[in-house]
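Have a look at these structures, which come just after this line.
The same chain A turns up in both complexes below, where it pairs with chain B and then with chain C.
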Partner chain A sequence: MNRREALFSLGSMAAAGGLASSAKAAELHGVPAQTALSADNMPTPARRGGAFQVLTDDTDRATVKAVFDRLIPSDELGPSASEAGCLEFLDDQLAGDYGSGKALYLEGPLRPENEEAIMGSPQFLSTPRERYNTGLKALEAYAQKTDGAAFSALSPDRIDAILTDLEAGKLDLGKDVNGQAFFELMLQNVREGYLADPMYGGNKDMAGWKMIGFPGARYDYRPYVDRHDQDLSLTPVSIIPSN
Partner chain B sequence: MAKWIKIAGGVVVLAAIGAGGWAYSALNTSRSSVADDSVTLAKFTSSDAEAIKRGEYVMRMGDCAACHTREDGDFAGGYEIATPFGTLVSSNITPDTDTGIGNMTEKDFFNAVRQGIGSHGMLYPAMPYTAYAKFTDQDMHDLWAYMSTVKPVKHDVDENGGMSFPFNIRLAMAGWDMLFFKNEGFTPDSSQSEAWNRGKYIVDGGGHCSACHSPRNFLSAEKESAYLQGGSLGDWYAPDLTSNPHVGLGNTSAEDIASYLTTGSDGVAVAAGPMAEAVEHSLQYLTTDDAMAVATYLKSIPASATKPGTAPKMSDSETARLADVYEVNCSACHGLNGEGISGMVPAFAGNHGLLGDDATNLVHAMLKGARAAHTHTAQTAAGMPSFAWKMDDKDIAEILTYVRNSWGNSAAPVSADQVGAMRAALDARDQIKVAD
Partner chain C sequence: METRPKADVVICGFGWAGSTMAEELTRAGLNVVAIERGKWRDTSTDFPPAVDPDELKWHTRRNMLQPMSVETTTFRNNTGQTAAPVRNWSAYQFGWDVGGAGTHWAGMSWRFTPWDFQVATQTKERYGAGRLNELDLDFVQDWGVTYDEMETYYDRFERIAGTSGKAGNLNGQKIKGGNVFEGARKREYPTPPLKDTYWMSKYRKTVEDMGYHPFTIPAGNLSQSYVNTLGVTMGPCTYCGFCDFHGCGNFSKSSPQACILPALMRRKNFTLLTETEVLHGVKSEDGKTLTGVNCITADGTEVFQPADVVCFTAYQMDNVRLMLLSKVGTPYDPSTGEGTIGRNYNYQTCASMTGFFDDSHMNPFIGAGALGVQIDDFNGDNFDHAGLDFIGGGGIMGYSTDGRPIAHMNSLRGGAKRWGSEWKKAYARDYSTAGNIFVQGTSMPTRGNYLSLDPNYKDRHGQPLLRVTFDWAENDKKMTNWVTDKAKEIMVNAGGKDINLERQTDQSWNPYSQDSSHTIGGAVIGADPTRSALNPYLQSWDCPNLFVVGASAFPNNGGYNPTVTVGALAIRAAEAIHTEYMKNPGALVKA
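Take a look at the complex of A and B:
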């Protein structure tokens, strides 16, 4: 059976299944007594303690730290990305379903000119975990080649220059790495790590939320909707409150 | 050792029967002689539409379906009831001759419902015959007429196979009856109003309120000295129904009590757990007059001696911290001032049923969530979500202590140990653990 036939047979199975299940639909009376969330709906916290799981290579880790801390440096507004736990956040995400691309379609064929035109963004057959692995190695190799030093040992200005070129698509990291897309991936992940709920490993002490004035996982803002242009002095709240 | 004592105790109970218990009035069935003893339920179908309708009302009042109707069919039994002495299973009371009560005559039926003397031997007092004893002959005749219209269902039930020795011996219940069962009907009190008498008849009879709302002794008999002063069901707590102003109905009007019975809420409290079931299956069917009669009678019960619990001392900073926890987690539904949403979400301010020393209901709702009663007049059946995944034992104890001591409330603190014990008992999940 080729792919086309498989798709067609899936369609007819779904149609048949739909008919059968509507004929047997259970009639519900009243309301379910249970209100507890099912395990599927629970948030999955970052793994507790232990060593890095994906960013195990010291050089890789130093490289991504150097990038993250230029994207969100430590200053009077708040801690740096790495100080706020963004490396731990990233490592935990890469070790799980996000890193393995569980939600992505990763089978071929891939003709980038077609898919990218349709989707409006670069498309990959590799997982985020693989893209970090190849991307960080390529960045380190680039630094060694052009500057004769480790990427993490470069000056902040030099790193900024490299990242600026990378973002503009002016820096070639080799045929295996789309440099511009890799820059965007790192920028997206560092933002997530800095601003996601602390239960996911980043945003330590809710530093990201304090910086932007986000009051956290509060259920209801009705007491505040009419209070315009005031400092509400709301303490941010994590999803899991005691931590 | 402990088991040995239990067995010895059982033998004593059995010996008590041997010592002439048979003659005791508890087992005297002369009250049933008003009923027919020739036609079995399987062979009888009432044609008296009025009697059938009245009988259905008696069935609702007695809430027979609460225990006798589960997934095996209407009145086919199969509901498991955990007792301190083992598991009981409710019987099949359909007119099926093999597995139900089809071979019972009306007299047998009277004996079973009002005296706990069943076709397989003595009934266990999980069946509230202790309360149904109050049923009038007329109500029993009507109930019999209604039962004759029930469809027979073949469903075999081993009612007491899960009971431990000696409690698996039905005859032992004769001893229990001798000690605790009052074999007498309802006697009206002529010094009281008609409504009061009707209310007492429902409360003590079909409604069997004291089955849950009175505490029980070590042999599961209700303590008369603490009549309707609140009873523990293990997972839930049936609150004080006396006029106690702190933990009972002292501050609730008769009209509000009647509204609670028929809709599931009096505007402050909302029925959940087993009380929601009682409202859904039974109490919402009460006529307005009967609901008011129940309220009239309950309001006449003298206040229990229970004093308000001793409020814990909380520092201002602790109170402020918990006020924020309350605002974040609870206020969206229960209101910033604990006012709830009338008829849908319970208030905390002035909700006296939640202020007794036993905070089981609050802890249960926090750990497992709860569902408001779903009635003909109040259909929302709002849900309380579980907070087990979000809060640890200490968090839950603190916020419950806070709501029990805010907005004019005063009650004993809830302990983290109590929450932990219930978390285990209810098999509620642990809080999600987050890295430090």
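Take a look at the complex of A and C:
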């Protein structure tokens, strides 16, 4: 059994045992007897190679790929976002608790102008999954209207110009989408995918970590802490080594 | 409604305050029930080293913090505005699950200075009787307990936590290499200080050359193995760099799980209820005491837990909210300045800067939550404020907390784009050459900053959210400007280039643009019942069998992280309960 299988099976054992991961109140006298890992507190690796779960629409997927690969293009410092798996990363994130906004407070009333003024940034009742759905469709509609072409067919320079205007808040994507906030969401997520542990689907071959010299999920730097101002040239490691 | 067997003491919230109190009270033989709305979480089953170094899950997605969907707060800068709810992750880091914020904290393990406990008295003595009024600081007030009275409880907590550090003031004798500005300690730290990273050694040399007094920050990250005062074994920190926002699977970070629960959980007179949320205290028929607390379990069962003594030991915000929901005391009203519940809410006044050092190898991934070198030359009242237009100050630290790659992806030399090949080049160039300085300052209370129940927004049980009304005190803005100038001189002298500097006070406060999570006050201790919710034993002036324990009790904030002071106050309150209150129930201090 390799380490990856071990982690999966420990997780499923905890799920079957179910003690600490139950959604039920408990009265504890002493430390619970279970020794298995708590399944609900373990990382859930992204599926590799399977069908997309959220980005199922071909046009949506082409649009986000076109955006992501301009936000992180392929160059001498490493692969593009899509080459590094950032689409798979995004799909997996949107399919889970992040995408459904499980942690967010989404109760009304939403008073958009008041909330933006007080909080310094726009606030939403929609989840990340919903925001990608409306945002990607608005980008495609914008390209069709202004360029008469699919967003994914635009030239790199044209996409850069659109992204620059979005970032600056100068491009209107219609009343349902705050373009600037959608840009920030995509920029955040694509770089998360490029820099998170590869088990989440992106950062393939730890390309993002190699780019900056981050050694990854290491346990012990005691042998290195005294080696001041040295290039340690540590090979990055992932929580679950990929093949 | 199910009624449980009566307890001597019920503890509401099971983080540092709750577990520390439960340990003290059960050791004295009392029957204690602790109630925690989150789940059971333990070191080996929930955050072992195999899954701890996961930035996305623990830091970016904040899986160890209280989700806003469970309960959030609302916020406004002043009473002229309508507060809005905090919908997304922000600077707040409210604890979640067993261990509370004590599981995910960084481990900075400070004692407050003697001055922090007596700002009012000492300011009047040193700068004149009218000084506070001149600075519009009439809400500044003493704690009613002094540093000297706290010393033994600080010591007890450090012995539980295993704090690493070096004394700078042993029984009045100043020791180079320690913090010579600290209050007198009776003995050395339990474990020696952590090692310097390259950046820390550079920072240390720079400030020493400038004539300041650097020392290694006292840390709940242990420098060596240690058996604590409860007989629990801890291990040495490995500088893994996944500390704050993460659990520690290595028994190296002080936490309730690593330090207290192994001893506490096996005591026969202790019971822990998990996934059970305290809704509010229940008043007796005469309204003068609480008979216990009403709770709701994760499966929706309503439960009444009766007890002789009730302790609110939740996060600072929830302690105040529970008092308001329990209708104990009089809510504070900023228009009259009267009422005490919600009064003296406050924050932590901070600034941060990053400098870049050409061709250096900072290796920022070598880190620990509390790993840093600090000077206190400009903290508290350690320098003469005559001729200055403020009181207070800040600690200035050069720190090596972490090199988490998502967290630092915008930490670039000025003007660099955040995307495209330009970002890739900039991040590759800057990641290992950045040095960081943080200014962590005092905060003084004002009349307009307070907590109350929100009239519009509710939690999942239909109870009102807590509303924060807050903006920076003028005094604290002036303090930050002055201390940050000192910090910038350090960065320049160290050789840092392209310095990014952010003074938090340059714009109105909002929860999404802050560096600190340190919320304090709202149910503060003091000697005067018209100005404080609690007496100096953290006992409610209005309801003698209620103790409210946490940073909610701080009338002002020191230039330090709050945890060790919370722990020391918790032990002191618990000791007062079992030595005094249980023998003679009633007010421990005459109003």
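As a working rule, the second predicted complex is superposed on the first by the 201 of 243 C-alpha atoms of A that agree within 3 Å, B and C clash if a C-alpha of one lies under 4 Å from a C-alpha of the other, contacts with A are read in each partner's own complex, and residues count from 1 in each chain.
Quick note on the criterion: a residue touches a chain if its C-beta (ideal position, glycine included) is under 8 Å from a C-beta of that chain, and two chains touch if they have at least 3 such contacts.
Values in this document were obtained by computation on a predicted structure and should not be read as measured data.
Participant: Classify the contacts of A:Gln34 with the two partner chains as first (chain B alone), second (chain C alone), both, or neither.
Facilitator: It touches chain B and chain C both.
Participant: Now for A:Gly148: first (chain B), second (chain C), both, or neither, which partner does it touch?
Facilitator: A:Gly148: touches no partner chain.
Participant: Look at A:Gly201 in the shared chain and tell me whether it touches chain B only, chain C only, both, or neither; answer first, second, both or neither.
Facilitator: So A:Gly201 only meets chain B here.
Participant: Is A:Ile239 touching the first partner chain B, the second partner chain C, both, or neither of them?
Facilitator: It touches chain B and chain C both.
Participant: Counting only touches as set out at the top, which of chain B and chain C does A:Arg218 meet: first, second, both, neither?
Facilitator: In the superposition, A:Arg218 touches chain B and chain C alike.
Participant: Chain A residues in contact: does chain B have more, or chain C?
Facilitator: The larger set of chain A residues in touch belongs to C.
Participant: Answer with first, second, both or neither: which of chain B and chain C does A:Asp160 touch in the superposed model?
Facilitator: The answer is second: A:Asp160 touches chain C but not chain B.
Participant: Just to be sure I read the superposition right, which of the two partners does A:Met42 touch: chain B = first, chain C = second, or both, or neither?
Facilitator: Touch partners of A:Met42: chain B and chain C.
Participant: Can you pull the chain A residues that chain B and chain C both touch?
Facilitator: 30-32, 34-37, 42-43, 217-220, 222, 239
Participant: Looking at the complex, which residues from chain A come into contact with chain C?
Facilitator: Going through chain A, the ones touching chain C are 7, 14, 20-21, 23-32, 34-38, 40-43, 70-73, 75, 77-78, 97-98, 102-107, 109, 111, 114-115, 118-121, 123-125, 160, 163, 187, 191-192, 195-197, 200, 208-209, 211-222, 224-226, 228-232, 239.
Participant: Which of the residues in chain B come into contact with chain A in the complex?
Facilitator: Answer in residue numbers: 280, 324-325, 327-329, 331-332, 336, 368-371, 374, 381, 383-386, 388-392, 394-395, 428-429, 431-436.
Participant: What residues on chain A touch chain B, complex-wise?
Facilitator: 30-37, 39, 42-43, 45-49, 88, 198-199, 201, 217-220, 222-223, 235, 237-243
Participant: Name, in rising order, each residue of chain C that touches chain A in their complex.
Facilitator: Listed in rising order, the residues are 39-42, 44-51, 53-57, 60-63, 67-69, 72, 75-77, 81-89, 195, 197-198, 201, 236, 238-241, 261-262, 265-266, 268, 270-276, 297-299, 301, 360-361, 363, 365-366, 403, 405-406, 409, 418-421, 423-425, 427-428, 431-432, 456-458, 507, 510-513.
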